[in-house]
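Before I ask anything, here is the structure I am working with.
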């Protein structure tokens, strides 16, 4: 059993971490902090957790977090970077579910996130927590940058193609659709049900913060700079991401076999049989990424369909997968949920 | 470990049984039958189960079912009654998730369900599987009539009031709202998304099949005939039932304490603190019934709010709760899910 | 043609007023005010109005409003009462879509709305704008209190029963379900799509501001104090109210005929044939209230189903209906929309 | 006033035609046919039309249709081609909302639609009813092939780029998302609310019937064969299509100006200001297509966002627009609806 702390457990990644960790056989949730909700029972804010979590939100007092084996940051961007060094110095390992340690190029990060980085030195040390790419580094890491929801679905979708070196890496297209929980549990007009239901729209077409993260990840895979168009959309559902990916093929190869072989040993990536179309609900509440591979009309364009639950494989589930790796637990321990359908 | 069979696993109660049983530590799913889908992999029909269920649907061959310790009927009404005697004779225990054994009055059953009953004798033996009322009988039963989704939410809501003998049993009102999965996985126009989304309606106001089941259950509790108005509604969500119950109080009593005491030891009934309102998503995917008790403006009317997930506590989860009782497992084994929120 | 002004046109009743008035043949929209959005084009905030409304939001400068024939207040509660006297003095007529003039009992209003009333004198003069009850008074009014959305659906549903004097006026129950737009276009967590979709809950059971309004209206009809239990619910749809109303019958009478006769000449109340159930989408975008009348199992309880679009008959459409009456236009002019289905 | 008939008015394009035509000042709806619903009142099937349509569905008797000035076919594919010649011979003009006359290449049509064409000769005569391209031909036509919903949104989105000859016509991509009403009012499992809500999926990636229609239309514009990848998706909303279109630019040009100029005089195409993202609800219930033009990060890829209401501009509204042109009415007459938002 390890003792874990959660900083900022009042958003959707927070409540999802609580759902998962409260059932994890090797985890004791020692503390959950929230400046705004300090003193309130967690189950008062999230009645779904009544009977499963008895903790109250506590003020983020450093000393208690220092006693944890692992701290998850489920905070807005810019918080983890303020506290990481102190915790690491105290021997606490960290998984940051926000973006503070995702982008290696500090200037690029500062441009997209609009603030100065508080600890550039740690960015170099941080391991990007996508187990399908960095499994061994994750096992040894003190500090994990947990990937964004869009980048997870997009990178897992493109990975086999780019690794195989068979696509034009300068003209990738990622047309991605997200459920509204991806926008977080913030009071905003545009994600009200009366605004977002029975509605569909693209947003951030000129540029979205996940673009540099995706480009960095794909470039690392390609071992050369990769360029892509990334168009996110808001779709009227709660959970789920569907990435529709387009790549021009530079070689003839059996894409179905390529994907099946690449992911044969991955516990959380499921390549569907040829001709299928994954649906987001087929991964609802689970840590799975399901992928289908198409080459319409035999043309030279691969169309890859990749779905995840943005709060699980796209956030909290992947964080726990990283935790399992860091602490030597079975990788699937406590996150092998059967998706909830319907 | 017990061997279980599922007859008719292609509907929503079937896929939910599969979700639950595939994770249950004491269950081996031996066979799943479906006349229409025989030969098809279960995971082909329900991609959410890929990696969790390797079975194919098989033709309902009697001999295989005979080898099970327990058979669940997740079939339309009128199927279980055809096969129950043979299975019982072979020593197989039965949980029927349909309505064949719910109503003790055969003539009443035949009126509401529009067919002749095939085995009236077994109806007398069958135990109504609402553990909060019949726990001890369930432990000893060979044949369980698993309650309907509406009746579960309504009976658990009214139970403490009626047991306490403090309400007018002739003028109860149950105004109940159900998600669309309650109508099953049948191709019908009125439950299409384009018909049922962004829409709300009552249905079956002149009479609904769950009315006699509710009246029978409440009358058993009251030890006198109970009468009520039951108005079901269709609400544009997938899962969830919300019962709003009205009863005229004949005595002054602390309703909050009454409910808390009655349900103090029930693992799956959660009485909310005074003044709260339960929401259906707070039980999504779980076997819980959450209840709140109100007495608006201090008037002589109790307003009880009771929510369940119609596919779990209202169907498959309650069936597994009954199974746990019948086979001496811990009552909560394998069904102690944390609700999925958001 | 009359010149109208709209104060506070940035909420849902505001944009709905704009949709309706921009197509009304006798209306020139002269000014729309919003302190926060002053200088912004209306069509920038509401792209649905591009090409139909060319105005910008203007600062609420008194002089311009003074030049209108009619001013609609689509503001939060407590605004109209500050400005009404000045406008009336300038000869401007007023329709307030908020609650400032709805409750005749000032103390009662101040209790429920939590503020001191700024002009109690005008409350006495104000006419409650429910044409099916107050048509003639509305024609002559300078100041209209436009009814709330819940009160409209509930009063129209109970009206024939109470007028006929055949129900127990002390034990009415109104179980009402509203789409989320009823909560307005405010940034709040509980009405986010990720919170309110696939979810159902009651709220305000201990007491809701529309309760005194409903009681006042029904008492006026009954010519005696009426008491009722009012339980509002939030349902995951955008528009629509469904009231399920329960009343104990004190006399035997043909309810279907009663309702058909009472509403025979009402252009916006539609009594469905016996045995039907209205659905909210059947009035979506229209000014209609559709009603069905039931008496389940021949018992002494009337169950009335009443549906409206909360933004049209429950707000902006009814306001324009009142305007038509006040200015001598055909009552249905510009609001005879065919509902949008699906 | 013209007399119109509707063949097959029981689907979503049928009820939408009725909504529009019942309010059209120059139309008398003379007959609505439906084999299945003959004798039933239209308003019985579609309660939204109560008070607006008094007709009953009639058996498709030829003689009555022969007396119409215009007949709309709102039927499944393969019906209109059986009856067209007889009606034309009787002097009746025809607008087919199905696909019978959309594809000029008969062999191609037969391959995608899986049946023999009954009147290839008329296909040559038929005018493709996209007014923004074929306005003058439409005015003179006897027989209109009303475009499909996807093809309308995609063609209007690509039109200015292709006309200008500035894109690579061999590598276009159309990633398109549709509301569920696009699948029609047929009882099918995959479009049930419990299946399609809170869910997102692609379908038909290997090939969809609208692909040849889109390719034909774009090739006509380009005056050379155009090739594209077309990926349709099902999104959990009722109405609306959102096309996200990708094209490689072969020349530097101000795309915003190009689009604004091309559509300056089009009453139903609205080019949004630079940097905006259209949302489907901004055209809900209206005949508009709203388009935004992007060139992310200044790269050589144009990203065009195009939204329509699939039942209006994508079906019934465009049909009435074509009718207005054919009969010399003002093009916008009776279809200048303000979108319903929220």
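General observations
All chains are identified by letter, namely A, B, C and D, in their written order; residue positions are counted from 1 within each chain.
Here, contacts are C-beta pairs under 8 Å (C-beta built on N, C-alpha and C of every residue); 3 or more make two chains touch, one makes a residue touch a chain.
These are the chains along with the protein names UniProt gives them: A, B, C, D = N-acetyl-gamma-glutamyl-phosphate reductase.
These numbers were taken from a predicted model, which means no experiment stands behind them.
When each chain is reduced to the average of its Cα atoms, C sits farthest from chain A. Just to note, of C-D and A-D, the chains joined by more C-beta pairs in contact are A-D. Computed centre separation for the pair chain A/chain C is 45 angstrom, with centres defined by C-alpha atoms. Chain centres here are Cα means. That of chain A falls 39 Å from that of chain D. Separating the centre of chain C from that of chain D, both taken as means of CA atoms, is a distance of 36 Å. For chain A, the set of residues touching two or more other chains reads 12, 179, 181, 185, 194-195, 197-198, 236-239, 278-279, 281, 284, 342. Chain contact summary for the complex, chain A toward chain C: residues 12, 179-181, 183, 185-189, 191-198, 236-238. Per the touch definition, chain B reaches chain A in the complex via residues 12, 15, 19, 22-23, 46-52, 181, 185, 197-198, 238-239, 270, 272, 276, 278-279, 281-286, 288, 290, 311, 338-342. Residues 171, 173, 175, 177, 179, 194-195, 197-203, 205-207, 227, 229-231, 233, 235-240, 242, 244, 246, 248, 275, 277-281, 284, 292, 294, 296-297, 299, 301, 303, 305, 307, 342 of chain D touch chain A in their complex.
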